[in-house]
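Both complexes below contain chain A, partnered by chain B and then by chain C.
Right, the complex of A and B next:
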């Protein structure tokens, strides 16, 4: 099963459950308060996802880091490569 | 390293999203279980706006992104014509 199929299956399951509760397809006699919570739930999930994304972006901006060890390693590798090429007769 | 402006903006985004999530959760999940004459209802718009506002915000966002992409593509085309 591809990832797309998994997501489509999950979304349609949630959609079916939501429409059963919201449009009362099975005559469940859900109390009005729970119905009031249920009908905006898809938008609520969307807003929650948006908030989560915003928080992750903000957190990554706040803790953005220089990779000093990696930079040093890369510089050393560049020097190594230059030395190696010079041995083979290349001039910089 | 992240400068202090990066840190301030990032933490501001985090705090904003947490506040938005809390307010919206109370609005959508908690308010139906509170008596309709309770004082807390003064701090929230009518219920239908809890759906209308996010939909409007999403439409504005999509329009903005679409406009942005259009402008960028259009400018790229102009540059190629000059070359």
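Right, the complex of A and C next:
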């Protein structure tokens, strides 16, 4: 199954469950109290997921390591390499 | 076995480093020097295969000179496809590879050879089919990126993780070690070009059930030369992502 199919399957399952509850398709006589929570649920889910995504990406951008030491080490090694290669007859 | 010395697995493993180059005359001697340094220190058997795409800047002269300095450990291959199809470059390079492991890395010094001994150790730890360098976990990271680039990179990675759940943290990086037969199979299966190719390789690898280990790496932006991947990277990334979403 492709990832696309998995997503479609998951989303339609949620959609079916949601319609059953919101439109009381199975005549379950769900109390009004629950209905009022149920019908805007997809929007809550979407907003929650959006906030979660922003938080995660924001956190990861903020904590993305800056490899200063690695850059410095590389610069030093470049100088060593150039000296050594010049000795071996390679000119830049 | 006929040899007098008992061969340990470490002795018999050989690593072929594939270096695709296009106008890398400044970087090539430096990356080769670093590779020689770290492989001599670790004692693993190796060879370096330079796959040049007919660079007009004289990269090939440099490569030939390096061959004279370092001998037959360095192999030259020139192709004239100039198609930006890195897959083609890898196929070419592999034809010369005598190692049972293949290491793919950029020649622009963004991928530091000091991580290769760690890749090898990681591979031996659990017999992984692939070991991938990652900028996104542990002590991995980048140097020389501004906020915008970090945001795009992290955002793209997040979307990919959500949609594909690949089980590896760095999909677009191209610093990896493969078992040779695994890489051969993957290249047959992968159809993307350029940038998306790396992503497809690792996603399909997971799909085919290959095991992937990860080693955090520091990615230092290129010092010399120019980036070849210009144009609309974001659009081609999204296209590739959608293709993989629908087909894997």
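We take it that the second predicted complex is superposed on the first by the 69 of 92 C-alpha atoms of A that agree within 3 Å, B and C clash if a C-alpha of one lies under 4 Å from a C-alpha of the other, contacts with A are read in each partner's own complex, and residues count from 1 in each chain.
One rule holds for everything that comes next: a residue touches a chain if its C-beta (ideal position, glycine included) is under 8 Å from a C-beta of that chain, and two chains touch if they have at least 3 such contacts.
The structure displayed is predicted, hence computed values, not measured ones.
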item: Touched partner set for A:45, first chain B, second chain C, both or neither; value: neither
item: Partner chain in contact with A:16 - chain B first, chain C second, else both or neither; value: neither
item: Which of chain B and chain C A:2 touches, first, second, both or neither; value: second
item: Which superposed partner A:55 touches (first chain B, second chain C, both, neither); value: first
item: Contacts of A:37 with chain B and chain C, given as first, second, both or neither; value: first
item: Touched partner set for A:92, first chain B, second chain C, both or neither; value: second
item: Which superposed partner A:28 touches (first chain B, second chain C, both, neither); value: neither
item: Contacts of A:67 with chain B and chain C, given as first, second, both or neither; value: second
item: Shared chain A surface residues [contacts with chain B and with chain C]; value: 57, 60-61, 64-66
item: Touching residues (chain side chain A, partner chain C) in the complex; value: 2-4, 7, 53, 56-57, 60-61, 64-68, 70-71, 74-75, 77-78, 81-82, 84-85, 88-90, 92
item: Interfacial residue positions of chain B with respect to chain A in the complex; value: 1-2, 6-7, 9-14, 16-18, 20-21, 24-25, 28-29, 32-33, 47, 50-51, 54-55, 58
item: Chain A to chain B touching residues, read off their complex; value: 33-34, 36-37, 40-41, 43-44, 46-48, 51-52, 54-55, 57-66
item: Interface residues, chain C side, partner chain A - complex; value: 26, 29-30, 33-34, 62, 65-66, 69, 109, 112, 136, 139-145, 147, 150-151, 153-155, 157-158, 162-165, 218-220, 223, 244-248
